[in-house]
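Chains: A, B, C and D, in written order; residue numbering restarts at 1 for each.
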Amino acid sequence: MKFYSVPIEHREHIGGYTLFSYRWEGPVEPGQFAMARFGRFPYTLDPLLARPLSFYDQDGEATSLLFEVRGRGTALLDQADKIEVTAPLGRGFDVNGIDGPCALLGGGIGVAPLKILGRRLEALGVPYDTFLGFADAGTAEISRDFPGARVATMDGSAGVRGTVLDAAPPLEEYAAVYACGPNPMLAAVKRAADGFCQLSVEERMGCGNGSCNACVVPVEGRGYVRSCVEGPVFEAATLAW
Amino acid sequence: MKFYSVPIEHREHIGGYTLFSYRWEGPVEPGQFAMARFGRFPYTLDPLLARPLSFYDQDGEATSLLFEVRGRGTALLDQADKIEVTAPLGRGFDVNGIDGPCALLGGGIGVAPLKILGRRLEALGVPYDTFLGFADAGTAEISRDFPGARVATMDGSAGVRGTVLDAAPPLEEYAAVYACGPNPMLAAVKRAADGFCQLSVEERMGCGNGSCNACVVPVEGRGYVRSCVEGPVFEAATLAW
Amino acid sequence: MVVRTSAELAVELCGIPLRTPLIPASGTLAKEALGEARDVYGAMLPKTVTPRPRQGNPPPRVAETPAGMINSIGLQNPGIDRFLEDLDAYDLGVPLLVSVAGDTVAEFVALCGRLADDKRVSAIELNLSCPNVEHGGLTFCAGPASVAEVVAACRKTAPDKPLLAKLTNEGVLGNAVAAEEAGADGLTLINTVPALSVDPWARKALPGGLSGPAIKPVALRAVYEVSATVEIPVVGCGGVSTGTDVAEFMLAGATAVQVGTASFVREPAEILEEFAGYLEKAGSPARQLTGGLRGYQGS
Amino acid sequence: MVVRTSAELAVELCGIPLRTPLIPASGTLAKEALGEARDVYGAMLPKTVTPRPRQGNPPPRVAETPAGMINSIGLQNPGIDRFLEDLDAYDLGVPLLVSVAGDTVAEFVALCGRLADDKRVSAIELNLSCPNVEHGGLTFCAGPASVAEVVAACRKTAPDKPLLAKLTNEGVLGNAVAAEEAGADGLTLINTVPALSVDPWARKALPGGLSGPAIKPVALRAVYEVSATVEIPVVGCGGVSTGTDVAEFMLAGATAVQVGTASFVREPAEILEEFAGYLEKAGSPARQLTGGLRGYQGS
């Protein structure tokens, strides 16, 4: 896999997350991701693999990523002045032919791909509502980057108390539902939505380009399918969850 | 082994070598070394081990190391803002009871322990002459840090043409001979000196504190002896070379 | 990055000319990622194929370890029928090797039968070693007897196709000799090393095969010892990540070298470029490196 | 750095109470470096001793590999006589284990005879696995039969000393069962993994044993599979470098854990401190970790 070395131009810590950007002009589809590494091989061999991160935003000049430090991979990225990233990978959200209002649902760091998705919908003139769920007011801070978003927190310290679905009206009202977050949340969204519904799944990845068969999700009638090439965004109905 | 994290306060490239210093007050004996690592474990696992470097100088406040980039270990050290080092290790040069003039001979990066040795001899009021051998005028630049040193280069581009021994008078003139450099040079010094002669040897090290038995040199009548605890400085006569 | 291939880089493996000694390790380069394989590899080698489709193991299928990764994919593949339908997608204008695995000797034979007369296939790699798919609790390379049995049977079925036996590290010397005697034309050493990753917080473990730089010295040892013993060529595999790694495997006795895990974290073209740089400095064409160690370092 | 030992850290190995589950791996902690061992280790374990002094292999004796190192020390040691004279230097106020190796069964027996009645010695580790010293080209743990022979003979000679059999990874399950049946009280898994380092510029190679983080997943697999099969306690060894590594080995089935290579690049007290931090967060005393995996991650 080809990696590009890019200097981090801007870095900000918002609530529990890190937002950083580098100069790259795109294009990128909402929901696509990059594999990111702290340094060029073999700068670190622990971890050895790159980490998948969704594109957060792309304004034609700068590209940004938003991430949560979970383990060593993201901890090193959080310290880097320069990172190694791939070109955009995977299949993003399908916004073709959608004209009614859309619902965008994000859980925790699953907000990441919704910013650029909202930007795309605006460009297309498609109205949308954003609903974001977090553990607490701390992590919910990122919602200030989503003007008009309705927020839920599990501990009730910001917005309504409960999950992201508690902040949203019945999903049938929407022509399309787009969601990203932990698998249990995605499963709940799948149950709640009965129309066009797309979910961005998170599976552990080895390569990001279809080569290793690590990142599979079960798809109705097709067995395990690689989420890095056929996803990470899937039609909810096709997922055999 | 215990490592201390120290910020590099000053860094300079002199000829082919890197000189850097960190704040540490000593004490250190001339000829002792530290194990040095680019970052705290597991910052890099390639290389995994720390590298032995002689103490170059110690003025009671700052401690400096001088090194040549040879492979990945030293290349990483050359980039570090902060390094991990151990306390002084090994047995240095024995200057007790020496009153006549001494000869200090360094070959290439083997000049490293001679600076602090000279400082010690000056403090003791023992006169000495310094002879330094290099490949060429480039690497010989470090000799400007050894005022009065006589220099030889293999290509004749600085000082006399030849080895360090070509720059020196017969070694019998000296009460003590101290040398550091590549093994073939040390063997030549051993042959040329017939009095008190101490050599600082360089063997590949695993631990630096006697634990791994990697760094052995053959000693007359005693088989292989660990150079990290019983050396790196040995009486020339005891080495079974 | 495009490295111009040259006479310096070319090698020959079992009579097959390769324009570079690099081959993708089976199971680590997908059709979708062939773009970066162009002009880099001397041959193409897709993921192991089995008689029927396999859906593989449930995720998570990978875990990381220091300088390595563990995988437990479970040989997910579309089965030989579908594989052969799609085979043209692997045409990179270089020889195509096909890796096969069966649950029984008869299955190996059936697979070789399907490939024996396929002009698109330059050689067959017998995956005798995949530690993820168990047959009576053991793999085909659990011992010399079963290695010999499979290899001999495949040899008979595909008399004109070069056969490479791919082995694990455990028992490699005995198995290598058995494979050679049974008629293998070459050996691929090594497959992943059985290993376990433990998540101490979730208290869960992932058993699987270890690959990546961590196993390079183990693979080098296997290549060194086996190539000193057998006459057939050895393809090195395990942790190859840099141009000097390629040289190390060839010096240890390999005729060609496979790249797997490293291709997930760097561009294979970089490895080839580094290797070309090594050859230039070393003043030697690739084909002259094989077995070129001057002896042990210590002596 | 001093970690206060506590009831949380204590474990019991073959009836020997250890105040922490950490033990230095044989051959990786010298008398000269005992300072940093104080208050960290639950037992002391010096380098393997043989009947007569051994001068070991010529240098270079080590080489580095990704996340690991290769050593070829050749069991340099002063021989049992001199070793016993100096034994008091290893007194850290914790149980002392002694590692022995012979060229023949008779030598193993002679060594155990010297230790059988020595009150200073709490247990004997039989180094059946050192890949550097060859006996007819093979090591003592080349197969179950020779493992059983050595262990049974030592068992008879030192009936009252707990005996740990230290094994290599190759063939570990069969050898472990053989050692248990022959009367071993415990097992140490694993010794270094046979490997090779190649210097592509000098064209020289250093064969030896691989240790360090690179082999951790291989050692974890051995501990997991063996401890699920035998009844006697298993001491984990191989790449332990962090507090969570200690937990991983114990969860996989180890009763205690040895630290080797990592002690060259960090202070063992840090590892113990991290482990104590893990125990606190996990809300479990060390002795309750052993074998505490909840099942495979994938299932």
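Heads up, the rule we're going with is that a contact is a pair of C-beta atoms (placed from the backbone, for glycine too) under 8 Å apart; a residue touches a chain by one contact, two chains touch by 3 or more.
What you are looking at is a predicted structure, and each value in this text was computed from that prediction instead of being measured.
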Other chains in touch with both subunit A and subunit D: B, C
Subunit C and subunit B - chains in contact with each: A, D
Report back the single chain whose CA centre is most distant from the CA centre of subunit B. A
Per the C-alpha means, the centres of subunit A and subunit C lie apart by a whole-Å value of 35
Per the centroid of Cα atoms for each chain, what is the distance between subunit A and subunit B, given in Å? 54
Round to the nearest whole Å and give the separation of the Cα centres of subunit C and subunit D. 33
Two or more other chains touching the same residue: where does that happen in subunit A? 42, 45-46
Shared interface positions of subunit D, touching two or more other chains: 58-61, 63, 65-68, 212-213, 241
What topology does the chain contact graph adopt: line, ring, star, complete, or other? complete
Quick check on the complex: what are the subunit A residues that touch subunit C? 1-3, 37, 40-42, 45-50, 203-217, 223-224, 229
Residues on subunit C engaged by subunit D in the complex (per definition of touch): 57-61, 63, 65-68, 70, 72, 170-171, 193-207, 210, 212-218, 220-221, 224, 239, 241, 244, 247-249, 251-252, 278, 282, 292-299
Interface with subunit A, subunit B side, in the complex: residues 42-46
Residue numbers on subunit C that touch subunit B, as the complex places them: 66-67, 213
For the complex, which residues does subunit C have touching subunit A? 1, 27-33, 36, 47, 53, 55-56, 58-69, 71, 73, 76, 212-213, 241-242, 261-267
